[in-house]
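Lettered A, B, C and D in written order, each chain numbered from 1.
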C-alpha cells in the first residue's frame, strides 16, 4: 500500500473528529491518502457538519489527504484499504427505545447488554452483512475495522456469517482500563511499565496485570480498587456508574472485571439506579442525545479545526483512537499488543473453537495473533460460556429472523427475567423496531 | 455377595416404606439379608414409627430379611454392601427456611434450586463426607446410592472430594418423565416401546425420545405437550406447577425439558406463584410438613403392613423405587438403562471431564456405563455450562467454608438476583443455618 | 417394516452362505422377505454358484423368502431396507498385489494395514460413494451395513463424504475376541457372564473385561494370555500369526490389544514371518484364493443346502453373523451391545468429534448408541491419534485423488518406512492398480 | 534484581565461550554481576580450561563481572537469578553409544531422536530433578533456562515432575531456521522483515512465515527450498544432512518442517546415510569428539580472549546465544518473540493441556506468553500427537524407572522398529548406560 484509503461507514457520527485526530497524530507512520466519510440520507446533515470539521482539521494539520463526503457507499468502498464502521441503525432514538422499553418492564435497559443489546444486534447485523457484500465486489482485500456495537457480536456475524476473515472488532473499554490502571498506580504508559492480559468477550472480559519486575499485581489491584474503603473511588468507564462490587466476590475472581460486569454482578443495584434515570428521562441515550446536540453546534463553528475537548464527555472516547492505532499497526506490522475481537481458535479453551473472543493480541500486518489464554476457573468459565452461547443464539436470530431463537436468546440472557415477561418484551421491541428489522417481518406482521 | 446388606442413612424418612416395598417386589432377584435403618437422635421417634412399619411389611411379605433400627451409624455400616442416603440435615424446618428466606427477598425459594438448593448443599455435603469417612473404615467395598438432594452436587462431592468412586446419584424426575411419556402416548412401559436418552445435570437435564420403529419423536412430543392448546394439560412432577412454557422457545430447544426448568425458563411466573404460597404459608416445605404428619399417623397403625397409597402424594415418589432398581441392577449385572448421576468422563463434551453429570447409563455390576451424548447446541450448552460451574463453586464452598466462593455461587445462580441483595440473602441464610454449617463458623461468628 | 428387503452388494462372495445361515437362524425374530444378491459381470459365475446354494439353503429351511440374483444394482436397491456390502474391488488378485508389492520392498503386505490397506481404501471408497448415490435415489431410508474392508475407513467415507448417516461398519474381530475370552475362561457367552468394552478404530482397538461380580479382569487376562509361559498359546484371529507380544509392554497397556496390533507392536517379527510366506507364494491372499476355489467347488454340489463347515477356515468368519445380528437388532430394537464403527461424537475424547470410531454400542432401532469411553492413557492415545489422522489423509486421498495427500498417508503409516522408498512403493502400486483408481488417473498417466 | 547472578551447570562445556560472548554483547542491557561455571569432578580439566578463557574474555571486554569456577553446585546456586543447564550426563562417550548401539541393530542412532534420544532423557532427567531440589532450597526465585537435550522432554520433566514453573526450554533450531530464511530471501533480520510462527515440540515443530506486507509466504518458501530443482541446496542445520524431502509430501503439509523431520519423513534414507558414518566410525558424536579436542586446544591458548570462530562448526551454535537473549528478555521485560519450550495450556489444541510445547512466545519479565496456535490439520496432528504421547511415556519411565513404560516408549517411537528387536535394543542400552541410570537399577541387575 502506498498511501492508504480509509472508508468510514457512519461518517456523520460525532466520533469522527477523534478518528481524524488519530490519523493526524500518526501522519509520520500512517500515510492516509483518502478518507471517505459515508452516511445514509437521514444522516446527511450531520455528515456535512462533521465532514466540514474533518476537512478543516486535515487542512490545519497540513495532512496530504483528501476527505470525501458521500451518501453512496459503493462509490466510497471501491479500492478501500480499511473500512471502519461506526454507524448506528435507527440513530439515537433506537438506543433510547433499547433503554426505555426494558426499563418500563423493570429490566436493565442498556445499549449493548440485556434486551437493548440484543436489539442493537438485530438491527445492525443485517447491515454489516450488506456492507460485506459490497466489499466483496469493490475492495476484496480491505480490512474491516468494526467498532459498531455490540462490537463482539457484530464482528462474529461479519466473520462467521459474512465470511470476511479480515475483520477486527474493537472496543474502548480495555484501552480505558489500562489507562486507569496506570493512573491509579502512578506509572508510565509510554514506557509500558505494566503488562496486561485480557480475555473474554466484548464488554464481558477480565484481565490480569503484571509489573515490570514480572510480579503479578492483579490481586493488589483488586484490593486497592475494590476494597470496601476505596469502594467506588475509581471511575473507570464514564457511562457506567461505579456502584461498589461485593468485595469478597471480586477477590474470589482473582481477576479484574470490566466495568460492564456491574450489570451482571450487581444487577439489582444497577437496575435501581437506571430506574431513577428512566423516571427523570435521563437514560444514557437521552443524555447522549443532548450532548450530541451541543457537540454538533460546536462542530459547526467554522473557526474550529481541532477535536473539541467536549467530545471526551461523549462516552465513546478512545474508540476511534483504538481504530487508528489498529490501522497503523496493521499497516506498519507494528507487533504491539491490543485487545481486539478476533477468532478464538482455541485461545480461550472454554469457548467454541470458531467463535469470536476479545483477547490481547499482537497486531501484525497479517492481522491479530492472540496471546494464548487457556482455561478459566469455574467462577468465570460458567458466566462466560453462557454469554457466548447467548450471543450465538442472538446472532443466528439476527441473521435468520427466527423468532424462537430470539426468544431463546431472551430466555438465556442474564439481564432479562425469563417467562412471559420476556416474550412480551421481545414482542413489544419487535414492533417498536419494525422498520429496521427486515428479517423479522413475518413475525412482526403476525404481531401487528 | 450372598445375601445383601443394605444400610439406609436417614432411615426414619417417610420414604422408607417405598424402599421396603421395592425390596419386597424384588425378592426373587435381589436377596436382601439385612436392612439397617439409621437415623440421628432427633429422628428417633420417626425412625421407630417407620421402622416398625418396615418390619411389619417385611414380615407380611415373608421376606427372609432382618430389619434393624439404630442411631449408631458405625454399627450399621460394618460390612454393608449398599448404603443409601435419604437424610435431610435440619429436617423439614430447614427446608422451610430455604424456601421462605429467599421468598422474603422476592427471590425463588426452592429446595434444590436457587439459594435454597445452595444451602441444602452447604448443610449436606459435610455430612456425606463424614459418612464416607466411616465407610472407608467399615465397608470399603460398598456402593453409595445417594438420593439426598441436591442429588447431583452431593454425588459430585462424594466422588470428587470424598473420592468414593462407587457412588451413584439418583433422582426420580427422569423416572416420572418416562412414565408420563408412556401415559401420554398410551404406550407400554414394560415392553420398552420407547427409547429415552437423558443428559444434563440433576434437576437440570433434557431428553430425546424415539419410538420402536426408530423414529425420533421428540418434536412430536414437544408439539403435543407444550403447544398453546395443550399448555399446562400434562402435570409431570407433582410439586412443580405446570405453568405453560413459551412454546416457541421449547420448539427452538428441540429437546424435552425437565420440570425443574420451569424455574429457569419461567422465573417471573414461578416466582409470582411462589409468592402466593409464601403469603399463605403454604410453601412446598410447609405443605410437606403437614403431609408428613398425616403419613406418620398412618404409619403408626399396627394393622398397616403395606406402603400406604397416600405416600404417593408426598412428592418424592419413585426415588426409593429408583434406588431399589439400581441396587438390583448392580447386584444382578442387569444392563438396563437408568438415568443416574455419575462421572462425566467426556459423556457430555461441553462439560469438564471430571465432573458429575446425570445421564442415561447402562447399569452393570461394575456400575453405570453412560451412553455417550456429545455436544449440545448453544441454547442448552450455555445454561448447562453455567449451572455446572455454579455447582462447582457451591461444592467448593460447602467443603471449604470459603465465604467469597459462596458469594460467587450466589452471584452466578440464575435464580438469585445479583448485587447487594445476594450478599444480604447469603448472610441471612448463614445465620439462620448456623447450627448446621460447621465449615462457615468463622464467617458466621463475624456476622453475629 | 413388514418383511424386510435385504440387498447384498458383492453377493457372489464366498461369505454369502454364512449370511443366509444368519437369516435362517433368525427366522422367528427377523422376517426377511427378499434377499437380493448383487454382483458385477466379472463375478457372475461365482454369483450363480453361491446364489444357487443360497436358494437351496432358504428352501431347505422353509424360509418364506425370495432370493434374487442380479448384476443390476439399481434394480436390486429399489425399496431396500438394509444394504450390506461385502464386495472386493479387483477381486483376490488385487489383494495379492496389496500383499506382494509391499513385501517386495521389505515392508508389511497386508489387506487392511500398511500400504495394502491404503490401496484397498483407494479402490473401495469411490465404489461405496457410488452405491450411496444409487441408494439416495432408490432406497432413501435404508441402512447401509458395511463389512467391506478396510471397514472403518470405508464407513467413515460413507458417513462423512457420502453423508449417509444410516451407515454402520462391522468387523468380526471383536466378535471373535469375545468368543475366545469366554473359551479361555470356560464361561458361558449365552449368559453374558462377561462384560466387554471395546474402543478404538477398526482393526486398531483395545478392550477391557469385567466379570459378573463387577470385578475388572483385564489384567488377569493379560497375565494369562500374554505371559511368557503362555505366549502364543491362544490363537485369536485365524489369519494372524500369534507371535508373542513383549509381555511388559502389554502389561503397561493395561488393556487387551486386538490381534491386528501384532503388525504395530511386533512389526519386525511379523515382517520376517510374512517374508517367508512371500518367498513361498503363500501370502494370505494366495492361500485364500486356493481356499475359495475349493469352497466354490463345494458350493456347486446340488445336494448341499447348508453352510459348509469349511467356510469357517476362510478367515472372515463371523462377519456375516455380525451383519445378521446387527440387522435383527435394528429391526427389533434389541438394545444389545455390539462393537461397531460409528460416529465418534465425543465417545473417545482423544479423537476428532466427527470421525468414525469402533466402539461398544447399544443397538437400537434408530442405530447404535455408543457407550462413552473417555480418554486413553498416552500409551494408547498417541498411536490411536496417529492412526486416525493417517486414515483421514487416506480417505481424503481416496475421494480426491490428491497424490500429495496419498504420499502423506504413506509417510505417516507406521508400517511403511518413510522416504524415497515410500514414494516408489506408492507409485508402483498406483500403476499396478490403475484400472481401479479413476480418481488418480492424471497422476497415473504422468507415471506411465 | 540489581546485577544478575548466573549459574551455568555443565560450565566446562565447549559452548561456554558463546555464552560469555552473549553476556558481553548485552553488557548495556543485562548487568551480569556473577557467572558461576559449575561442573562435576570428571569435567574438572575442561572446566578449568574453558573457565580460564571465560575469565580472559570478560576481562578483555571490561565487563564488571566475576567468573567463578566450582565443582560445588550448591555453593554456586545460592542466590542465583538464572540457572542455565548445558550438561551432558556420561559425556560424549554416552552420546556415541546412543548413536552406535541403535545403528548396530540397523536403526537410526541420534542424540535426541530414536533410541538415543530416549536414553539421553533417561540419563538427564534424574539429574535435572536433583538440581531443582537444590534450587528449591538455595535460589527459590531463580529461572531455570534449560538447553540440555532432549530439551523439550527435560523441560517437561522439570515443570511437571520437578514442579519448577519458572523453567524455560531452549533450542537453536528455530533460531537457525529463521536466520536461514532471511538469508534465502535476502531480507534483513534486524528489521524483522518477516514474521514467523512456530509450533510443535522441541526438534519436532513446523512453522509459517509472513512478509512485511502481511502476505503468508510459507508455500512460496516450500516451493523455493524443497522443489526438486533446488532439492538439498539449502543446508539448514549443520549436523543434519539435507537429503531432499519428497516434495509433494511437503507441499501437502503446507508448513515448513524443521530439519529434524528428516529422520521422520525420510527414515530409510537417513538411516542409509548414518550406516555409512557408522561403518567409518564417523557418527556425529565421534566427529564432535574430535572437534572438541581441537577446540579445547584452542581454548588453552592464553592469548585467546574471544570466542574462537571454530566453535561455530561445533553444531550447537546459537544455543547459548538463545539463552543470553532469553535471560535479557526476562530481565528487561523485552516482549520480543522467541521460540521456547513452555506449558501448552491450550496453545496447541491438539495436545494435552498440561504438557510442554515449543512455540513462538512473547518473552516478558514474568516468562513466556505463547501466541495461540490452535489445531493442526491431520497430516501434522497425528505424528505430533504420537510424539508427545511417546515423550510422556519416556519421561514417566525416566522418573520412575518403570521398564514396561520404557519398552512402551520404544514400541511407540517411530524411529525404532517394534518387536523383539526393540526389547533387545532397550536391554542392551540399559546395560551400556548402567552407571547413569539409578532409577533402572533393579531391571539392570536382572539383565546382568
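Basically, a residue touches a chain if its C-beta (ideal position, glycine included) is under 8 Å from a C-beta of that chain, and two chains touch if they have at least 3 such contacts.
Because the structure is a prediction, the values reported are computed rather than measured.
**Q** Along the shortest chain of touching chains, how many steps lie between subunit A and subunit C?
**A** 2
**Q** Per the centroid of Cα atoms for each chain, what is the distance between subunit A and subunit B, given in Å?
**A** 44
**Q** With chain centres taken as the means of their Cα atoms, state the distance from subunit B to subunit D in Å.
**A** A distance of 56 Å separates the two centres.
**Q** Could you list the positions in subunit D whose residues touch two or more of the other chains?
**A** Subunit D, residues with two or more chain partners: not present.
**Q** Treating touching as the only link between chains, describe the layout with one word: line, ring, star, complete or other.
**A** It is a ring, because the chains touch in a row that closes back on itself.
**Q** If you go through all the chains, which pairs of them touch?
**A** Touch list across chains, by label: A-B, A-D, B-C, C-D.
**Q** Spell out the part of subunit D that touches subunit A in their complex, as residue ranges.
**A** By the definition above, subunit D touches subunit A via 192, 195, 197, 210-216, 330, 333, 335, 337, 345-347, 349, 353, 362, 364-367, 369-375.
**Q** For the complex, which residues does subunit A have touching subunit B?
**A** Against subunit B, the touching part of subunit A is residues 246, 248-249, 251-253, 264-270, 378-379, 381-383, 385-390, 392-393, 402-405, 407-408, 411-412, 414, 417-423.
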